[in-house]
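For clarity, chains are labelled A, B and C in written order, and residue numbers in each chain start from 1.
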């Protein structure tokens, strides 16, 4: 049991890793979906007794995160022709160094927290890493669809953390998170759809009009 | 006379739960009705009626209970609070939400028909088409329901869910005038606030871990009475909760969504956002602070809040100086007031919690009333002068005298000159800092207030007077729509006098 | 009897090494639908080269003349340290993996300076690339071996190999998986396989290892081929020891498992070569840094567990 959950956690960490290095928005969406499905299996390994509810719940999560969200996001990608991220110069080095930094910070945080986890000691670093990688994705990527994907990854990380912490009553918590993502993705997807219609591309660099304008710029 | 009050009081206590459910569910049903109705005027009337009944029932619920001091009804293990005793902040914020919504719905009834008749063009020459009013009224009511839910929740998880709901329901409202800028503002609002709420969710988890020795329950009443908190996790929880809800509240450096969202949204939505939503986020922070203080870590949370409060004041002072658009300036003034409230809560450990609480209340009430009045006015100014930049507006005194009078009074009240309720909290704050020996902080804060006054004054004075010869151009419709702002300003002055009388007696 | 076994296994290593490149080429040919070269083609090539004469360029010095034989000698010494079939190698002591790494590094150094000695710009370019890859690849190797020794508690290669067993896999599967991944990537890099370098390319601008030996001829070239085959054997046996842990005490069975493990490693290297394309040159350091993060993750996770 523990080995399987360790492999799952490893796979989640690898998803994070590839998240930082991908350039194609479709691949980002797929990675977030894979990560969500993997994270859905984690609570199943927690439960000692076999009730129906964890299985049904895991099924709902897999359907939502594995099929529903990716299909919405991919439709938006096609509609807005948002296939490629901008390849910036510093990309590879910043991604790698930030990844290592995230890794060390997550491990350090987990060792400081002194928390007895029943599944495996790796789940805390993995969940922190996922959260930080979600943040980085939102900040570093230029397409708005990628920013939504970053939000999904962030919530995946919180989901993993919830799995680690709430051994006794995971379902309420996970249901809350799931509902949150569901509605949030809906609204964000709607927004990005409108963005694609208004602006010709869905690059968030074009969303730069509203900002503080200072005197020198205004007088140009 | 007294027996009627007693009757009302007993009624409101015993039927508290039913009334609170009514206050939450009625707007939801009204929004469903709005989604089903056809004509726009019907939707607006539904909005107004719902707002009116909401205000009535909230007043019925809140006012009789304000004089009760010591009724202890156990609150534990229920998602909603069972009475306002011990939860006075919930009551005050509920009243603010209700009153503001009433004003906004009255404003909507007059403003939207005016907009329908006058089609405007934006800067690039595209015709601005508004979004369907179904979406608008429906989501306004859902927004009201979620804010009411925040005021009634007794469980940190429910609080979190309600605040997330307010984010999601207010996003379509910001996108009302379908333009590029408002779309951009909506996107920023969504992303920043959703990430903030996700951080707050983590904070809620940490709180549950911190309380794990007593079962890990997140019912607020339980958390007040828990004795054994895991200190490290509690501190971490407070930091995450503060940062997360602070993003929603508009504290720096997380305030970046605020100027954009509040300036691009239509004025009634801006009024609600500034006056009601920020207060609800502050309520969440307040609850977390109370939980942390009940565990004895008051100095920790207070110091964090003081630091962030001062930083917010600094940022708002810096950015308000060079604003070009009056709505953005009003938004930065909201940031300043939120920083002020956070700072007040922070110094409550030095200056005494009971004292400071009153000043926080007066600040919240005053700010909400004045700011929403100002935003209503700003909408009318925009309608009349067709520009968001104040450099395009001149000689308001000649063109629209009544409106300019209200505009000027609003500015005086907003900047905190003495008949305004915003004067007393600032005075109290400076007094507290001086008496505790933090002279430099007090000087810094006074400087910030002066700079903000200067920044706002530059805007308002330049719009009022001018050299161009214009003639009077005020329609009676416009004057009718000035009524909510006038009422709000008058009531804010009234509240301020009431507060003074209360302080003395 | 023991000494004869030790001597026998040294002879087997030294003679069996050239089969591995043959296996890789055969796998590539299979993926291409061809029959491909003979498995023993490298033997024939080396034999052919030994029977040819040497041509030394006028610009080269003594370094160029001694580099190739020295490389072969160093590789053979490193090979003698490698355990075979559960037995220790001829040389075995605590910390001997550091000696292996440095022997291979010395041979790489000799190759680099001999390439620069020729004065050809192509070879200099290949030398600089080789040096750059070595900088990134060595920490990965060290990190993986450190983690391995942390898991098994031993500090010599023979000790590590003997402690590896299916039981250890059951306990430490994810960490061992990560170590296998990083060691495999290091093996591909050091032996100039795809995705770091295409050994079949004939364009000098895209060569890394092959371009350094453009000026070698005759027996020198044969020795260099031989040395690289031995390097493949050494690095491959690390991977095979982890994926095919053996623990019966029978010499012949263990040897058979060991050799088949090496064959599996060679086959997988061939598969990777057929399936992937070469990574852009600028991306290679990032790739190796990715392998480094994998190795670090393995190390930290092992410490978290223990």
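In this text, contacts are C-beta pairs under 8 Å (C-beta built on N, C-alpha and C of every residue); 3 or more make two chains touch, one makes a residue touch a chain.
Quick caveat, the model's predicted, so the values are computed rather than measured.
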(request) Once you've mapped the touching chain pairs, tell me: line, ring, star, complete or other? (result) line
(message) Suppose every chain is reduced to the average of its Cα atoms; which one is closest to the average of all protein Cα atoms?
(response) A
(message) Could you work out how far the Cα centre of subunit A sits from that of subunit C, in whole Å?
(response) 38
(message) Between subunit A and subunit B, what distance separates the C-alpha centroids? Give it in angstrom.
(response) 31
(message) Rounded to a whole Å, what is the gap between the Cα centroids of subunit B and subunit C?
(response) 68
(request) Going by the contact rule at the top, pick out the subunit A residues touching subunit B in the complex. (result) 113, 115, 131, 135, 138, 144, 147, 151, 154-155, 158, 161-162, 165-166, 172-173, 176-177, 179-180, 183-184, 187-188, 190-192, 194-195, 198-199, 204, 207-210, 212-215, 218
(message) Could you list, by residue number, the parts of subunit B that touch subunit A in their complex?
(response) 157, 160-161, 164-165, 168, 171-172, 175, 178, 180-181, 183-188, 190-191, 194-195, 197-198, 201-202, 205, 208-209, 232-233, 259-260, 263-264, 319, 322, 324
(request) Would you pull the subunit A residues touching subunit C in the complex into a rising list? (result) 3, 6-7, 9-10, 13, 17, 21, 92-93, 96, 99-100, 103, 107, 110-111, 121-122, 125
(message) For the complex, give me every residue of subunit C touching subunit A.
(response) 170, 173-174, 177-178, 283, 286, 289-290, 293, 296-297, 300-301, 304-305
